[in-house]
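Note that the chains are named A, B, C and D in the order they appear, and that numbering of residues resets to 1 at the start of each chain.
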Amino acid sequence: MIGLLPAFVVIPLIAAFILPLFGKKGKDAATILANAVILLLLVLAVVAVYSGKQGIYEIGDWSIPLGINLVLDGLSALMLLAIATVATAAMLFSARYMEQYTAKAKYLSLFLLMVAGMNGVVLSGDIFNLFVFLEIASLASYALVGFGCGHEELEASFKYMVLGSVGSIFILFSVGLVYGHTGTLNMAYISQTIQNNGGLNAGLTFALALFIVGFGLKAALVPFHAWLPDAHPSAPAPISAMLSGILIKTLGVYALSRVVFNIFGVSQATGWLIIVLGLISMIIGAFLAIGQEDLKRLMAYSSISQIGYVVLGIGLGAALIQKGEDKLASLAILGGLFHLVNHAVYKSLLFLNSGSIEMATGTRRLEQMGGLAAKLPYTRATCAVASASIVGIPPFSGFWSKLILIIAAILAGYYWIAAIIVFVSLCTLIMYLKVHRYVFLGQLPEKLQNARENKGTMLFAMAFLACLCILMGLLVIIPGLKEAVLDPAVKVLTGGFEYSRFVIGPGG
Amino acid sequence: MNIMFYVLLLFILIAAVIAVETKNLLSSVICIGAIGFGVSIMFLFLRAPDIAITQIVVEVLGLIILIRATISRDLTFISGDKEFFGTVVSVVIIFMIFLVGIRVFDTIPEFGQPTFAQAHNPASETYIEDGLEKTGAANIIASIILDFRAYDTLGEATVLFTSIIGATVILRRKSRKALGELE
Amino acid sequence: MRRSIYLVLTFIIWILLTWPFADGTVDLQVVVAGIIASAFVAIIFHDILPKEHHVFVSPIRIFWFLVYVPVFFYYVTKANFDVVYRALHPQMPIKPGIVKIKTNLKSDSAITALANSITLTPGTLTVDLTEDGYLYIHWINVKSDDVEQATCLIAQRFEWFIKKIFE
Amino acid sequence: MKGMTVIVKTISSWVKVLIILFGIYIILFGHLTPGGGFAGGVILASSYVMLMLAFGREFVQKDLPLSLDSKLDCLGAVAFAMIAVLGYVFGKSFFDNFLSQFGRHLRLISSGTIPLSNIAIGLKVGASLFLVIFILSTFRRDSSDDKQE
């Protein structure tokens, strides 16, 4: 398995380089090729998770820190699986959905570049390499947001590009600072150098702050969220699903937690900073979402709120590790990571639903819809599953992750955090009831009499994710699964500096 | 040498401030060009001729694009005043970052020296001492970017590729098919 | 024919480029690479290359070119002193203006060479040229604004040589 | 865009040979002297940009069609990735410089895959930078046409 690690990056990259060569005539071949690549990645990711193998891959046969290494540990494996799952569904959905646009081969190429970039970020063991792949994924997403080329899309894309570049510059500057201080770019060696010299000095603290701001911008946490409500609705539906479902988590949450936990080491201050960011995101995102009249915009604000849960769990873990309560910390982090995976599944499903609705009705305005339950039965059913899941109704996946977060908060003695989690869940309930009320129930407008559902791959993609929504709950109920999938990832974060010993080896 | 360095830095800073503050877009573009050439001379001072070459050539290409864009659009002047509140807030924030920056740059070591001295041999020394032996390339920079860290270079080439595809996609003439074309 | 001329030419340029690297010795690898690169340039880009290739194979033209270089330098130096004199003179005896001159040269390279020769000579500057062989010259001391006379004063001295070289 | 006067056209067609040759030199000697694929590629692209400014867009379009240029772009990228994969096939790992001991140090043929990578990157960078400038100028013409109609 370890020998196959570069395949996660190189296969989509080569496919993306070849795809633009397919012209208009080779459109179907291009679609098949792209789908095959994504499916292959899914298979590889499943193998990576289930084989449970961990290790490092040294590129070019140069031992670290001379060369660049790829690291596969529990967290990377979990993220790879999440990326591949969402990408599979979005790709299947695109096959039919993207027929409304031109330049499909280039769309597929950009899609694969985004996936390659995210895989690269997740696997990289080198901080500059992480930045490079983060840029690839970001650039591809800027272009994909503006894919429709309308005024609104281009404006959103431009706004996203400006803020995204500001985030990237913060990260790059911080990488430079870290290199100046430690003389190495390898994440494990940076971590080791920091440990050997007794923690952070002023320069490294500033670098950490810059990292938090930069990755916070990529994750759209609340003071830095301005781009998301424009960008996510403007993109084509499968891309919205990718952006909300997985991109903000890979570039934001994953990179943030890798840097905070494994490189710089957690402290009480960073822990609470992250908790506060998470809480603000949860509350403000939920409040803003309720007022929206645009279906996809509502979901975009809801993403901000949901990413808050993930960040809250991770921040709570950071704060608790520092207090020495390792068991509680791993519970909180488990909640956060589990919510991350859950949200990846149900939010991408919701955006695919919105795509299906938009394709049938031609609008995203809630007040122009109504009574679509009869016209779009499958969309309605999958949307109901996803909504139940995001709200946290018991058998569905969202319930379990929220429950874990609440239990962790209560056991740690932060009752007010638990209260906020419940309160935001209620807000989420209101916003998705609103969606169902306006879209599926009520009177069917005259204009929409001819609306009909798109079957085929689009439906299959939605059904696939809906099944996952239900099955994900089993992850915590069936004993073996949690140990295989989630626990290794949690262990990476709670382990903290173990990461450097794992990469460098016992001798280093 | 050192004094030249500071003069150059000052020149770049002044050009940058003018580029942001001037209302004439053309002079703003020319200031950006001046910044670019200042930076490339800086690279020469730092003994990085490779980067200086690339910087100059890219700068020339960028200037051509920017000047053509400014001239042909007839947008040489921008109008509108700044909001007072926004200016005050950004000045305060920049001042705070400046204060923090002074403290941070105090901790930065001399050029080329890592602060935390390491017990083992850092990568940069190996690159310089054994680069030729290990890779066979006389140009150390080539040996780093195309052998030791070739994976990064693949990433950078992909960044370029992505932006090209992105630009062609954003600037394509027709983005959506008409309803009839959907079979 | 044209391609092979350019192949040889580009190969000479290649050798000049790589001279510092080759350290005076002949390195077979560099020579082979040079032949490949020159062939590449000559074959792929032949239709953008200049059309006046015959200049390089005719010894007479090369001879005239070699004669032209010192002549040109003589005129440039003379014009330099003239401009210096005008600039330093307390009364600044200048009379700037734009005059029109006529040239009989036909080929693009010849016209370019003439225009550049005029520009390189201090005191005169080619501003524009028209399709039918007229050049607009900015002149620091306009002695005559008649086309015939201005042509005599500015262009004639270069034109004769350039005609020998290019046409 | 019609291009500029005869003077500019002639001079640029003379100088173009030099620029292209210099670009090739920078790329081929990238592992021995300062330069390499990126710098050389940019120089190659700039020679075409100069032609575009001097002769006009149509002339360059005839000489180097947009479709061919984007194909070259993809080809360069694929070639670079393929060098990496060849390292996996023939060497020990991905991006392994499996030819590194081939040839003598400080000669043109040395340091294994580095010159090959330089050529691939030069092709890729040259094609894509020219493509950027070309697309930007083409786009502007289209939008101004719309206004006139």
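Operating definition for what follows: contacts are C-beta pairs under 8 Å (C-beta built on N, C-alpha and C of every residue); 3 or more make two chains touch, one makes a residue touch a chain.
Bear in mind that the values here come from a model prediction, so they are computed numbers and not experimental data.
Select, from C-D and B-D, the pair of chains that is joined by more C-beta pairs in contact.
B-D
From the Cα centroids, identify the chain that ends up most central relative to all protein Cα atoms.
B
Where the CA atoms of chain A average out and where those of chain C average out, how many Å apart are those spots?
63
Using mean C-alpha positions as chain centres, tell me how far chain C is from chain D in Å, no decimals.
Here the centre of chain D sits 30 Å away from the centre of chain C.
What is the distance, in whole Å, between the centres of chain B and chain C, each centre taken as the mean of its C-alpha atoms?
So the centre of chain B lies 39 Å away from the centre of chain C.
Counting in whole Å, what is the centre-to-centre distance of chain B and chain D, each centre being its mean C-alpha position?
Using C-alpha averages as centres, the distance is 21 Å.
Which residue numbers or ranges of chain A touch two or more of the other chains?
Residues 13, 17, 20, 59-60 of chain A each touch two or more of the other chains.
I need the residues of chain D touching at least two other chains; which ones are they?
As it turns out, chain D has residues touching two or more other chains at 32-33, 70, 73, 77, 81, 84, 94-95, 97.
Going by the touch definition at the top, which pairs of chains touch each other?
A-B, A-D, B-D, C-D
Going by the contact rule set out above, which residues of chain D touch chain B in the complex?
26, 30-39, 42-43, 45-46, 49, 53, 70, 73, 76-77, 80-81, 84, 94-95, 97, 100-101, 103, 105-106, 110-114, 117-118, 121, 124-125, 128-129, 131-133, 135-140, 142
Along chain C, where are the residues that touch chain D in the complex?
Residues 6, 9-10, 13-14, 17-18, 21, 27, 29-30, 33, 37-38, 40-41, 45, 47-50, 108-109, 111-112, 115-116, 126, 128-129.
So in the complex, the part of chain A that touches chain D is made up of which residues?
Within the complex, chain A touches chain D at residues 6, 10, 13-14, 17-18, 20-21, 57-61.
Could you list, by residue number, the parts of chain D that touch chain C in their complex?
By the definition above, chain D touches chain C via 5-7, 9-11, 13-14, 16-18, 20-22, 24-25, 28-29, 32-33, 51, 63, 107-109.
Contact residues on chain D for chain A in the complex?
Touching chain A from chain D are residues 70-71, 73-74, 77-78, 81-82, 84-85, 87-88, 91-97.
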